[in-house]
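One structure, as structure tokens, below. Some questions next.
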Amino acid sequence: MDFIDVRTAPFAVGDEYAALRANNRSDGASALFVGSVRDFNAGVGVSGLALEHYPGMTEKSLQRIVSDARTRWELGRVRLLHRVGAMAVEEDIVFVGVTSPHRQAAFAACQYIMDRLKTEAPFWKLESGETGDTWVAARDSDRRELEKWAR
Amino acid sequence: MDFIDVRTAPFAVGDEYAALRANNRSDGASALFVGSVRDFNAGVGVSGLALEHYPGMTEKSLQRIVSDARTRWELGRVRLLHRVGAMAVEEDIVFVGVTSPHRQAAFAACQYIMDRLKTEAPFWKLESGETGDTWVAARDSDRRELEKWAR
Amino acid sequence: MVKVLFFASLRARLGTAEHCLEDFSGSVAELRNRLGELFPDWQAPLQAADIQAAVNQEIAAATTRITDGDEVAFFPPVTGG
Amino acid sequence: MVKVLFFASLRARLGTAEHCLEDFSGSVAELRNRLGELFPDWQAPLQAADIQAAVNQEIAAATTRITDGDEVAFFPPVTGG
């Protein structure tokens, strides 16, 4: 029911959606999130990105996040893809897709997976741009978003 | 920036996502929701659906919902498609796609649009199934979800 | 003339999608009463607590005024999406 | 032997992605200290408040015990997604 993939290759949102829906007659709700490379960050122009990760730990971390989402909500399928390596502006970095019989569960789980991924999955962004290469700084707002999931 | 379409023809999620992203370099976040025909409702098997609407009012209602979302969050593009007419189980009924520079804004606006659509856009479902044709009953849970958006 | 539209289960129950009334002016509540007087079978379905009204394609209250040329609709709670 | 990995800006600052230590056992905090003693230039970056640690690919606390054969990683706050 879970598909988790850390990869260099691009993904196609239409194909991922088709995989969430194929022979899935009981889940009326699908919530999807896609994160893409923006052309600026903290006010500085960005021309591309290199995504580093911790290979041994990454999939374990993502699997735990998805498993925790399943203990909180009634979910059908979950697909979580995250790219690593070099990417240009406008390319997609991450895809999270969740199906459920219930709209609220699909939305909540999709957002929960992204919020936790943003604060604990071992990925790091190195941006190339106007001012050379810069390691992206973590955001306080990402840590604050986690608080809404604290029981 | 807004694309709103009430139609009988199916839509392709991949094409809608492509339209949200084309030449969109500043919005890093895309939140999407798709509602599909399920094979059961209230415990009864469903074989298909007919969607009725109030043609003069539907697009006006959807436009207002999207405009209200824009007053609440900083949004890039919004695409909202809703099918009417006959649909089989597994077919997609509704698509909501929102882009934003901010993940939380994209998620919130996508969910807000669905929550309001579910309670005020003039669509009605007639399900065909084991027990003949049945008008779907509105859910109290859909009305309750609206309360989270009350200021 | 006031054009009155009915949708979904209400349309099915009344057996008609549209009715035109000459010479009506008054509130939404008064229009419900008038239609119930004209067609006694319509009274119960039209007065049901969950039936909503729209005037000129905007959600209306019981007190919303209707004047000549308006389009009024009555319908059950929506169930799209 | 304990294998120690460094990632992202910390790796760039230390100038290495990996260092192996013979004969270490102790806590994560003690490993930070030991590495700072061995390589004085590493002390400030490794002791920075936001540097996190993982032991055998699970997030670890300062008090987590490390024993022979473990894989330890130090890294800055994550920024994926």
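Couple of notes before you dig in:
Each chain gets a letter, A, B, C and D, in the order it is written, and its residues are counted from 1.
FYI, contacts are C-beta pairs under 8 Å (C-beta built on N, C-alpha and C of every residue); 3 or more make two chains touch, one makes a residue touch a chain.
Just so you know, these numbers come straight off a predicted model, no measurement behind them.
Chains that touch both chain A and chain D are absent from this assembly. Between the Cα centres of chain B and chain D there is a gap of 48 Å.
Chain A and chain B have Cα centroids separated by 22 Å. In whole angstrom, the spacing between the mean C-alpha positions of chain B and chain C is 26. Residue positions of chain D touching 2 or more other chains: 81. Residues of chain B in contact with two or more other chains: 35, 103, 114, 118. Applying the touch definition to all chain combinations yields A-B, A-D, B-C.
Per the touch definition, chain B reaches chain C in the complex via residues 35, 51-54, 56-57, 60, 82, 93-94, 114, 117-126, 135-138.
Here chain B touches chain A in the complex through residues 12-15, 17, 21, 24-40, 89-90, 92, 101, 103-104, 106-107, 110-111, 114, 118, 141, 145, going by the rule given at the top.
Those residues of chain D that touch chain A in the shared complex are 5, 7-9, 12, 50, 54, 57-59, 71, 73, 75-81.
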